[in-house]
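You will see two complexes here that share subunit A, one where it goes with subunit B and one where it goes with subunit C.
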Partner chain A sequence: MNSPTAQALPERGWINEKIFLGMPFWEYLRSLATPGNFVAGLIMAIGVPLIAYRFIFGLGAATNLSQTNPWGIWIGFDMLSGVALAAGGYSLATAVYIFGLKEYHPVVRPAVLTGFLGYLFAVLGLAADLGRPWNLPVPIFLSWGGPSVMFEIAWCVVLYLTVLGMEFLPPVFEWLGWPKARMWAVRMTIGLTVFGVMLSTLHQSSLGGLFLMAPTRLHPLWYSPFIPAYFFISSIAAGLSMVIVESALSHRAFQSRIDHHVNIDKLALGLARGASIVLFAYFFIKLQGVADGGRWSLLNTGYGYWFLLEMLGFILLPSMLFAYGARNSRITLVRWTAAWTVLGIIVNRLNVSVIAMNWNVPDRYIPSWMEVMVSITLVTIGISTFRWIVNRMPVLRELPEYHES
Partner chain B sequence: MIPHDILTLYSAKMLEYGIAVLFLLLFIPFWKYVQGPSRVPAFATSRAATPAAAAAEWFLMPLDRAFHRGHAWLKDSADGIVTVGMDDFAAKLVGPLSRVSLPAVGTAVGQGETGWRLEAIDGRTVDMLSPVDGTVVELNAALSSAPETAETDPYEQGWLMRVRPSRLRANRMSLLSGQAARQWMDETLAGLRGHFAPGLGALAQDGGVPLSGMARAIDAEHWDQLAATFLLTGKEDLHA
Partner chain C sequence: MNLNRRTFFKVAGAAGAVALGPAKTATASTSDAVVNAGRRGVLVDATKCIGCRACEAACSETNALPGPAMLDDAAVFAKPRTMDTRTYTVVNRANTTGAAAPARFVKRQCMHCVEPACASACLVRALDKTPTGPVVYHKDRCLGCRYCMVACPFSVPKYEYESALPFVKKCTFCADRQAKGEAPACTAVCPSGALTFGKRDDLLEMARERLYAKDSGYVRHIYGEHEVGGTSWMYLTDIPFEKLGLPADLGTYAYSSLTQASLAAVPFVLTLWPPLLMGIYSFSKRRNDIEAHGTDRQQEARHE
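Showing the complex of A and B:
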C-alpha cells in the first residue's frame, strides 16, 4: 500500500512533506504565527479549559440548563444548526453523482469535507451537552429503543458520519499517495452517496420530528405536524448556501490551493438558483403550517412579529435575492444572500429549540457565557481543522495525476 | 377510532387549498424568472475574462459562443439577431474550401436541420446543421469571394450568416458552452482518435497542430462520409 514516494523518503522527510508542508519543523512552527492563528489560539486557550470544566464540574456548573430547559444552544446551535448547515455534503454529492450535474464536481469535495466536519463537531457539541456522553454506545448497541425518534437520529448520525468520512477518503488517499486504496474508495462513491442521501433524509427530518413530542412547549407558530418536512427542506437551502459561502471564503483564503480553471462564480450562481427555488417552496409550506393550525391571530403578537421576520426576512427575502442575483449574475449579492440564509437557518433552529421553546413558562433560558464560549470554541476548532486539511489534501483542486475525465 | 367526514370543508382547509393553488400559480413564473436568460450574462462575464479564445486542447473554442453538436456555433448580439458559423473542428476537418453554399436571406432554418453546404477543393460536398431555429437575415458576403476565410478564421471574419431566432430559449437547451462544450470537444476528439489509421503515425497526439483537411488525411477515399459523420449529417445520422 506504500507509495514509491513514501518508500523512497526517510520517516522524517515523509512527516515534513505531509504534515509540515515540506518545511523543517521550526520553520513550520514560525509559519503558524499569523494573526488568524493567534485569534484561534486565544479562543481555544479559553474554550478548551471550559470544556474540561464542564466535564469536571458537570452541566449544572457550566450551563444555565435546567429541568424545564434541558436543551440549550449546544443543541440548538451546535447540533441542529451544525447538521443543517452540513447538508451541502449530501445535496452536492447527490447532484453530481446521482443527477449527473458534473459541472459541480469542483465543489463536491469541499462540500463533503464541510459536511463531515459539521457532523463531527455537532456530535462533539452533543457530547458536551449530554449528561453522560460515555453512555452514547448504550442506545446504539446495547439498549435499542425502536419507537424513539432519538434512537433513529443516533443511528443515522453515527452511520452518516461514517459515510461522510468514507466519502472523503479519495482525497485522503491521494494525499497519502496510495493509488490502489484511492481507486477502491472512488468505486464506493455512488453507493455511499445513495446511502448518504437516505440517511440524511431520515435524520434531517427526524431532528424536526423530535419537536413533535413537545406540542405544548413549543410556540404554536413554530409547532406544526409538518416540522420534519420543514427541517428537511430547509436543510437543502442551508447546505447549498453554506457551499456558496464556504467556496467564496476558500477561494479567498486558499489562493495557492485552488484550481484557477474552475469558474467558481458560475457554480455559485447555479447553486443560488437551486437555493432560491427551495426557499420559495419552503416559504409556502411554512405558510401551510400556519393555515393548518389556524394560527393567524398569533401573528399580531410579539412572537408573531419575530415569526414574520423569520418568514419574510430569512426565507422569502433571500429566495427573491437569490433569484435576482442568479438571473442577473450578481455574484456579490448571491454570496451575501447565502450568508444571510445561513444566518436565517441558525435563527430558525434556535427559534425552534430555544427561543420559542417553553415560551409560556416563567423560567426562561438564557445561555451562560461558558456555553457561548464552548460553542465558539467548537466552531473555531472546526474551521482550523478545515484549514489544516485543505492546506494538505487535494480538496479545492484535483491533482493532475488523478484527474477524472 | 375517530370518524372522518371527508365532505366537511373547514375554512382552514379552504385556505390551505388556496395557498397550494397560489403556490403553484406563482411557482411557474418564479421558476421561469429564476431560470431566465441567465446564460447571456454568463457569456458577458466570460467575454470580459477571456478576450479572444480558449484552446480546448487542439481547437479554438471562444467562451462567448454556444456550440451545437453539429459543430456550428452561435453568438448573441444586443439586437436579438444571432450570428452563426462553423467551429474550428469543422473547419479543420473539412479543410480548404472552394465554396460555402448558404441559404438565401429570408429562408427559414431549423435547429438540427441542414443549414448550409461546404464544398471542398476536390469538389466533394459536406452538409452542416443549423444551430438555431429562425429566419436568415444576412449572409457573410465576403465568403463568396474568399470562402477560405470560413476555414482560416471561423469565429471572426469567417462567420456564415445572421439569423433572427424564433425560439432561442428552447434552442439553447441543445447548445453547449463553457465546461460542457470543452468536455464535448474532448469526447469528439476521442472519437476522432479512433479513426486514425495506424500508418498515419504521429499526428496531433504528439502535440502537433491538427492539419487542415483532417478527414482527407484519415481516409482519402471516403473523407466526405467521415466528415459528415462527425458533423451529424451522415446518412445514418439524418435517418436516425
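Showing the complex of A and C:
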C-alpha cells in the first residue's frame, strides 16, 4: 500500500491532504508535469523577470509609453478590461442573493472567484504601471484627493477587493474544515453583496469617468458625457459573458471537480438572455451619445468605420446572437458569442484608453513586446491561481455536508 | 420575518453612515473677489518677445536644470519644441509665413490654471493649487499614475520615464521665490517687456488697455482670461493664437466641472442602493419562502 517515498513524509498529513491533493509529495510533483503547466511555466519564466526589469530600469526601459501617451495596455487591458471582465462577481451575486434567482447558485462561486482574481491581477498590473506603487497607501491613509475620480476608484477597488475576498470565505472555510467560521462568513453574504453592488456601480462607471477629463484627447465618437454609464452597463454584459465562457471552460477542464447534476447549459442560456438585453441597451445609449453630440458626420471617416465595427460587430451582433441562441437553445453559439463579447469589451476599453486616445497627434503608441509579455504573464498567473484554488476548494460544486435547501 | 427586517436596517444603516462620512465636495467657487485679489499671474505679450530665450536660461538656473541647448543659435526655432523633464519652459517661433509676416515668438510653460485639471485629477493632491497662483507638486505623495498628464489640456506635466524612482516635472511658477516676495526667475530677466508679473486682476486691466488702444493691432482676445476657467499665465498677440501653438478648442469651463456630475452621483448610489436592494431582497425572499412552505395562512392551517 505505502510507497517508500510516502513513508518519508507524515503520512496523509494536512499538507498532503489540502495542498498536494491527497498525493505524496513526489507523486504530486510528477502530476504537475503537464503540457499546460509547461506552457504556463515558460510564460512566467519570461514574464516575471520582465516585471523585475521594469522596476529596476524604469517604465521607459520596459514600455513604449511617452510624454504624449502616458497610458498604455497595462491600463487599457490589465486594469480597465480586467475590472470589466471581473464584473461577473457582483452581477451573479446580485442575481442569486438579492433577486433570489437560486437556480444560478452553482455559478456564483466561480464568478466570485473570477472576480476576486480579476481585481487582484488588475491591481498587480496597475502596480507595474504606477511609477511609485509603494505610495499606494497614500490615497487611503495620508492624503485625500476628494475631487478626483481616480480617488473614488482607488477607494472602491481597495474596498471591493476586500469584499470579494470575504465573499469567497465560505469555500475557503469549507476547504479548511472550519464549519463555525463558515457559518459566520455565510451570514455576511447579503451585506457583502449589497456593499459590493454599491462599490461596483461606483467604480465600474468611474473607470469610464476618468476619460471625462480628456475632451480634447479622446476621439469625439468615444468621448461622451455618458461614458460612465457606458462603462457600467457594458461591465454587466462583460461579467455575464465571462461567466458563460468561464463555466464552459471549467466544465471541460475540471471534469472531476464539477457537480454533474447541474445543467450548466441551461444556466448559460439564461445568462445569454440577460446579456442580450444588456448589450441591446448598451448599443442604444452608445447611439444616443452619437446623436447627442451631433457626431453622425464623423462616422464616415477611418475612426468612424472602426467605431461602427465596434458598435455593430461587437455590440449589436452579439446581442442578436445571444437572443437567437437563447431562444433556440443553441448552446455552442451562445458560448462563442460570449467569447466574442469578452473580446468586444477588451476592444472597447483599448479604444477608449489607447486607440482613440490622442487620435489627432502624430506620436502614436504601440505597446512594446515587454508590455505585452507582462500582460500575458499576469493573465497566466491569474488562470493558474484559479486552477490551483478550484482543484482544492469546493468552487464548482457544493460539498454534500454543506448543502442548503 | 423579524430577522429579515433587522438585517435590512443593519445593512441600510451601515451604508447610510458611509454615505454621510467622507462626502465629496466640489472645489469651491472661485469667483470670490477676495481670492482674486491675492492671485498672481503673468501677462505674455507676444508682440514684444524678441526670442532671446533669457527666460529659458533663467529657468534652468533657478531650477538647477541643464542649461538650454543652442542658446545663441537661431536654428533652435526650426521646429516647435515642447517642455520635457529637464526643460520647464520653451520659446518657440510662431508659424508665420510670407516675407512681410513679423517674427513672433511665444514662451510656453505651465499655465497655472485657476482651476487646474491636473489638481482635480490627482488622487493624492500631489498637484495642488495654492491660493496665490502656483500649482505646486508634492513629490512625496505622488503615485505616478500619470492621470495629470491625461487631464492637462496643455500637455504640461512631464514624466521621468527613464528613472526607476520617477517624478512628474513641470514649471513651479517659482513658488518658493514668490513666497519670498520675488518675481519668478523668467519674468525677472525678460529684457523686452514681453513678460509682466503681477496681480492677475491688474494684468487683465493692463491687457485690456493694450488691446483697446487706438490702432493696437492686437487680436481682441486675452488668451487665458477665460480658457478652461482662466489661467494665471495669459497671452496677447497680433497673429492668430493657433499660430502661437496655443490650443484653440478648449472652451471656457474648468475641467474639474467635467467630472462633477459623475462625482455628484456618489452620495446617491451610497444612500439609495442599499434600501432598494434590501427591498428587492425582502420581496424575493418572501416569494421563495412561499414557494417552499406556502403562505403564512397555509402554514397556520397546517399546524392546526
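Criterion: the second predicted complex is superposed on the first by the 393 of 405 C-alpha atoms of A that agree within 3 Å, B and C clash if a C-alpha of one lies under 4 Å from a C-alpha of the other, contacts with A are read in each partner's own complex, and residues count from 1 in each chain.
To be clear about the criterion, a contact is a pair of C-beta atoms (placed from the backbone, for glycine too) under 8 Å apart; a residue touches a chain by one contact, two chains touch by 3 or more.
The shown structure was predicted, so the numbers you read here are calculated from the model rather than taken from an experiment.
Visitor: Following the overlay on subunit A, give me a clash-or-fit verdict for subunit B and subunit C.
Guide: With subunit A as the common anchor, subunit B and subunit C both fit in the superposed model.
Visitor: Which partner does A:373 contact after superposing on A: first (subunit B), second (subunit C), both, neither?
Guide: A:373: touches no partner chain.
Visitor: May I ask you to decide whether A:276 touches subunit B, subunit C, both, or neither, giving the answer as first, second, both or neither?
Guide: Touch partner of A:276: subunit B, not subunit C.
Visitor: Of the two partner chains, subunit B (first) and subunit C (second), which one does A:242 touch, if any: first, second, both, or neither?
Guide: neither
Visitor: Return first, second, both or neither, reflecting whether A:390 touches subunit B, subunit C, both chains, or no partner chain.
Guide: In the superposition, A:390 contacts neither subunit B nor subunit C.
Visitor: More residues of subunit A are touched by which chain, subunit B or subunit C?
Guide: Looking at subunit A, the partner in contact with more of its residues is C.
Visitor: Looking at the overlay, does A:61 come into contact with subunit B only (first), subunit C only (second), both, or neither?
Guide: second
Visitor: Does the superposition put A:103 against subunit B (first), subunit C (second), both, or neither?
Guide: A:103: touches subunit B, not subunit C.
Visitor: Output check: A:212 vs subunit B and subunit C. Expected answer is one of first, second, both, neither. What do you get?
Guide: In the superposition, A:212 contacts subunit C only.
Visitor: After the superposition on chain A, what is the angle at the C-alpha centre of subunit A formed with the C-alpha centres of subunit B and subunit C, rounded to the nearest 10 degrees?
Guide: In the superposed model, the angle at subunit A is 130 degrees.
Visitor: For A:323, decide between first (touching subunit B), second (touching subunit C), both and neither.
Guide: So A:323 only meets subunit B here.
Visitor: Aligned on chain A, what is the least Cα gap between subunit B and subunit C? Give it in whole Å.
Guide: Across the overlay, subunit B reaches subunit C at a minimum of 5 Å between C-alpha atoms.
Visitor: Under the contact rule defined above, give the subunit A residues that sit at the interface with subunit B and also at the interface with subunit C.
Guide: 102, 405
Visitor: Enumerate the contact residues on subunit A facing subunit B in the complex.
Guide: For subunit A paired with subunit B, touching residues are 102-103, 263, 265-266, 269, 273, 276-277, 280-281, 284, 287-288, 291-292, 294, 322-323, 326-329, 405.
Visitor: Using the touch definition from the top, list the residues of subunit C that touch subunit A in their complex.
Guide: Residues 7, 10-11, 14-15, 22, 24-27, 82, 84, 117, 120-126, 138, 141-147, 149-151, 153, 155, 158-167, 247, 249-251, 255-256, 258-259, 261-263, 265-266, 269-270, 273-274, 277-278, 280-281, 284-285, 287-288, 292 of subunit C touch subunit A in their complex.
Visitor: Under the definition above, what is the set of subunit A residues touching subunit C in their complex?
Guide: Within the complex, subunit A touches subunit C at residues 55-61, 63, 65-68, 70-71, 94, 97-100, 102, 129-133, 135-136, 138-139, 142-154, 190-191, 193-195, 197-198, 201-202, 205-206, 209-217, 225, 228, 405.
Visitor: Would you pull the subunit B residues touching subunit A in the complex into a rising list?
Guide: 12, 15-16, 19-20, 22-23, 27, 30-31, 33-38, 41-42, 44-46, 178-180, 183, 186
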